[in-house]
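Which chain is which? They are A, B, C and D, in the order written, and residues in each are numbered from 1.
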Amino acid sequence: MTHSTPAGETTTVRVQCFGVLQKVCGGAERAVPVAALPASVADVLDALVREVPEAGEYLDTTACAIGDTLVHRATPVSADDTLVLLPPVSGG
Amino acid sequence: MTHSTPAGETTTVRVQCFGVLQKVCGGAERAVPVAALPASVADVLDALVREVPEAGEYLDTTACAIGDTLVHRATPVSADDTLVLLPPVSGG
Amino acid sequence: MTSHITTAPIDVGALMATTEDPEAGALVVFAGTVRQHNDGKKVTSINYSAYIPLAEKSIAEIAARARRDHDIQCCEIRHRIGDMAVGDISVLVVVRAEHRGEAFAAGRYAIDIVKHEVPIWKYETYEDGTHEYVKGCPLHHEHPSNRHVAHADAGAGCSPSPTR
Amino acid sequence: MTSHITTAPIDVGALMATTEDPEAGALVVFAGTVRQHNDGKKVTSINYSAYIPLAEKSIAEIAARARRDHDIQCCEIRHRIGDMAVGDISVLVVVRAEHRGEAFAAGRYAIDIVKHEVPIWKYETYEDGTHEYVKGCPLHHEHPSNRHVAHADAGAGCSPSPTR
């Protein structure tokens, strides 16, 4: 569900980090403040880098998912979503 | 060990058959009469075909061994040897 | 529904038993095991973590692609997560086919793709007390149709050229 | 000394256990299993026989060649003989290597050569009461140096061209 945000009010997006980003961001989950909702995935990543500058260098190679689906940088993120950050994988 | 055979006396070579040759020759082992010893592997195979003509069609694709070693058609077979006949293999 | 991701040790015998098929003549099993040395450093312990919702879906899709693209009877894939010791099996692929050529090809195909497309991360702790997330392979988020072809194992990370 | 030919069922778990190696990251197991159908006929029972002195030597040499020609830690090969039922394992190859590429290659190499160079014969009995020795692959007695390169599995016999 997409909610619009009243002007002037700050809202947050839940972000879940895996792999090296969990280390860099100091934990698996955080609430990233964004100016308005819906925001794009790119907006949320920009907001994350303002909060955690060291995360920046990893984001180019990081995929994002909502639920069990990979999403593009332009995909809108709504208040109910958790944006999941998936840096390069090393299973096997 | 190679023994020479007194003239006029018939001697035999022990032959052990595997796979389809066991079926064709009616058993795993037989004594094949040869004119003299040492005989070559080829001599023994010729003698076998005289005894069991149906074996002939299989011998072109049959390898021979003495002990744990594959032998050539020209290899001499002595009285102590068992010549082992190995038709095309189908393990696995 | 089968769970492909497990925290329990992977039971190879059980997966061999459940995949038995009287029409199969070939069984290929691949297991990835925790190595004592990586990149010249002695590994004392290892931890795998996964983003489970996508990892489950991704592994199910890889098994389905292996069955679709190869003449095989089954392809089962399991990945363990959590703490593991040297020698433990972290990933298992079991393929049965009528003939061995397809079984080998499908097994290789499946493990190559698992290493590239499943959101799982390996975290190694070394004898000298250091630890790190092993360099990996980016998921192709922006251009999923541009996925590179699964390649031979690179010792570390995701080198585009096969090591042999 | 290890016996490569056995009348007892082949114990996959035991061979996996005895080959464990902390430096190995990849395990490839290939098993050949008795198929219910061969060449369109329903198989009711199967018997493998071997010329044991040469078969033992030949399998030992194939394992040694696999280790020499590939960067692997071990290659174990077992072949069962005697009567077997559908689903039983007739042949087993276990390879461990640091990386998966070499493990797959060595496993494939070993089983291909086993099928071509070991004096073992498969005798099938069919539902209709007929039975026969399965068409095979000639051992290259006259020109051992002219051995053809091990090829992909031919459904039956020893076709020189890979089936796929």
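Definition applied: a residue touches a chain if its C-beta (ideal position, glycine included) is under 8 Å from a C-beta of that chain, and two chains touch if they have at least 3 such contacts.
In this text, all values refer to a predicted model and were calculated from it rather than measured experimentally.
Note on connectivity: the fewest steps through touching chains from chain B to chain C is 2.
Centre-to-centre separation between chain A and chain D, using Cα means, comes to 52 Å. In terms of their C-alpha centroids, the spacing between chain C and chain D amounts to 25 Å. One finds 79 Å separating the Cα centroids of chain A and chain B. A straight line joining the Cα centres of chain B and chain D is 27 Å long. Touching two or more other chains at once is no residue of chain B. Contacts with at least two other chains are made by residues 32, 111 of chain C. By the contact rule set out at the top, the touching chain pairs are A-C, B-D, C-D.
Contact residues of chain C toward chain A in the complex are 32, 48-51, 53-57, 79, 90-91, 111, 114-122, 133-142, 144, 157-158. Of all residues in chain B, only 16, 18-20, 23, 61-65, 67-73, 84, 86-92 touch chain D in the complex they form.
Residues of chain C touching chain D in their complex: 12-13, 16, 20-37, 86-87, 89, 96, 98-104, 107-108, 111, 152-153, 155, 162-164.
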